[in-house]
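Letters A, B and C name the chains as they come in the text, with residue numbers starting at 1 for each one.
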């Protein structure tokens, strides 16, 4: 007992409980996903699952389609969200501070409820469910995730740089193109990662908004795991992890302070 | 003129964002079973919800959601704060590694977190239930706590802890009386974030709940939605959640504004 | 103030630990795993009372549902969940027998409870017996027949004419664009589509429906896939349980579903003024047989045995 106390006296060891916890519940599970994905149906190590993925026309189709939907959703979110963040961050437009909060508020409502109410909305307005509904639903669910980082970045932007550019004779357009846009890019990257990633992996939204007609990659993984094809499901998960790893790698230049902590 | 255009744009987006939610609120005041048909104004659903008549399953789900969120948030906050202190005092190299592992659950899509922990329990032959759900929730909440506390650690004077030790405090006393007050805002921030993440979570709980019969609000809604015909009492429930959060945010915003005005 | 907060939180964590470790005595709990919308939930309360009368011991039923066989099998085979009594379809019962996942039903019900197992229809007992994996095995020792039925078209009689749904080719009728809901269940959709795709061969006597459903060949899989792709425009979506609701709202006109579900839907919607009917198209369909079984991981097989036989009583209407 005394030894433990002495050990914990050194502050850098305080992280140990957490490290052990993470090893069990974060690292080990992911390693297991990798392990299962390299097992074939008899339990031998092989690339069987990945071959199956590459030769299955259907799954590849779903995969590419999901990436397509994710890219389109992200694009639409940028197109709608960037101006919104800009208008809100710039005091010259006179938007009340509370507006930013109103954009964040829907995030606090359960995603399933939001999606179901979107279904109800479409039913109410007699619009058909399907691909259009899916894109609408995705943008609807993830737009706040795009607006918030961009808004954050724009707020923190050093206004004196803009003033300096204006002093040097730049007109509005140049100020925007050469000063504001580049400086807001970290926020945009952050938003892209926060939208693209979940869009690839959500399955509930597509299930509910298209009545299962359009299957996204997340649904395929979920179905495989549910139906007992753990190895194949694990392999698909690994593939998804790689895609996400690549995406966040590209957007990871921004500092961590962008992320959380200041939600209120 | 610019102002008008900008504000109109923002309000238009907000209108679309809130339309589905509005439908839920409006139709929570009618008895009709199917969302979208209006059978006359009535508050029957609200009374039914509060009387606990909405079915044992829904009541259990609500209780479970709150219980899991509270427990997971408390444990995450404690674990994360202590870990953050530990990480802060680590050498550069070790810190990098731990920070990386810490960020994994944040980058991972929830379906992967859920599946990986599912595989863990299957591999170890343990049955899933309340324990597995709570452990999984702790796993994805603690990184956010660490991230919330870190900035406060960096701003804090690094010597006060040792000063306390020099003055004769035991490490535990120094932690409680010196460190915690400094880190308290970050801890609160992390705590609230954990609660939000836990309540909102769907995919992780879906895969870690097993056969124990435990449902959280999200998994209950998911199963309910797949059967068609959303339990009508969910409409007043979500309306209440929505209105209370809206009110909360408005109050916070009002008080923050007052503070700014007072300081002027 | 801070002390009180910490005290509160510590109490919370203590409650958590206690809840996690304290559980109902397992021998008083019966975990039932059944299809959604399959059992009248009021029967559960009646069963608990009846069980206590019969055996003198209290029982609490935990009732969980699944939507398709394959998900249920994963929970039991891979998750090794300890459900006491489960209701799979016949082809999954066969698989479970082969994988040794079932335990025999203990027919000794005690002095008070009669053995009603003889009430199961001989037709069903025969069907089950065909699945015996070892010589001398009595499948009725492992599985008790519960319900059986077919897969077919549930359709709205006002919007769809009977002649239009005589054949599975209704799936290609452009009048039904985005109006057809399919059941999201592999076996049933495969079975009906393979009969449709090979109808000419069936008529010529070259192949029987039974063998088509039982023997899955790559060629047939390809034929079924192709047949389903061509129907894409008419298919509005894939459902397991929300089809009935959309039929009631008349948003879907045709629903490929199980006969049991169809009967239930017809009754329910008749009260609301919507008229539905059920038909099995001429090319054929599969016949499913559901039965109660006890997995080897069950922790309360005694109650499970009594539970499953109570479904065979002439008095208890276990049907919907």
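In the analysis below, contacts are C-beta pairs under 8 Å (C-beta built on N, C-alpha and C of every residue); 3 or more make two chains touch, one makes a residue touch a chain.
Because the structure is predicted, anything quoted here is derived from the model rather than measured.
Enquirer: Determine the shortest chain-contact distance, in steps, between chain B and chain C.
Expert: 1
Enquirer: A-C or A-B: which has the larger count of contacting C-beta pairs?
Expert: A-B
Enquirer: Calculate how many whole Å lie between the centre of chain A and the centre of chain C, each centre taken as the average of the chain's C-alpha atoms.
Expert: Between these chains, centre-to-centre, one finds 37 Å.
Enquirer: Roughly how far is chain A from chain B, going centre to centre by Cα mean, in whole Å?
Expert: The computed centroid separation for chain A versus chain B comes out at 17 Å.
Enquirer: In chain B, which residues are in touch with two or more of the other chains?
Expert: Residues 122, 225-226 of chain B each touch two or more of the other chains.
Enquirer: Give me the residues of chain A that touch two or more other chains.
Expert: 123, 225, 230
Enquirer: Going by the contact rule already set, what residues in chain C reach two or more other chains?
Expert: Counting only residues that touch two or more other chains, chain C contributes 78, 239, 242.
Enquirer: Please give the residue numbers of chain B that touch chain A in the complex, ascending.
Expert: Spelled out, the residues of chain B in touch with chain A are 2-3, 6-7, 9-10, 13-14, 16-21, 23-24, 27, 35-36, 79-80, 82-91, 94, 98, 101-113, 115-120, 122-123, 135-136, 138-139, 142, 144, 146-148, 150-151, 161, 171, 186, 189-190, 192-193, 196, 199-200, 202-203, 207, 217-218, 221-222, 225-226, 230, 234, 238, 241-242, 245-246, 249-250, 252-253, 257.
Enquirer: Of all residues in chain C, which touch chain A in the complex?
Expert: These residues of chain C touch chain A: 70-71, 73-74, 77-78, 178, 181, 184, 235-239, 242, 251.
Enquirer: Please output the residues of chain C touching chain B within their complex, sorted ascending.
Expert: 9, 12-13, 16, 19-20, 31, 33, 36-37, 62, 64-65, 67, 75, 78-83, 239-246, 249
Enquirer: Mind pulling up the chain B residues that touch chain C in the complex?
Expert: So the residues of chain B touching chain C come out as 34, 67, 70-71, 74-75, 122, 125, 127-128, 130-131, 134, 210-211, 213, 223, 225-229.
Enquirer: Please give the residue numbers of chain A that touch chain B in the complex, ascending.
Expert: Answer in residue numbers: 8-19, 21-22, 24-30, 32-33, 36, 80, 83-84, 87-88, 92-95, 97-99, 101-103, 105-106, 108-114, 116-118, 120-121, 123-124, 140, 143-144, 197-198, 200-204, 207-208, 218, 221-222, 225, 230, 233-234, 237, 240-241, 244-245, 248, 256-257, 259-264.
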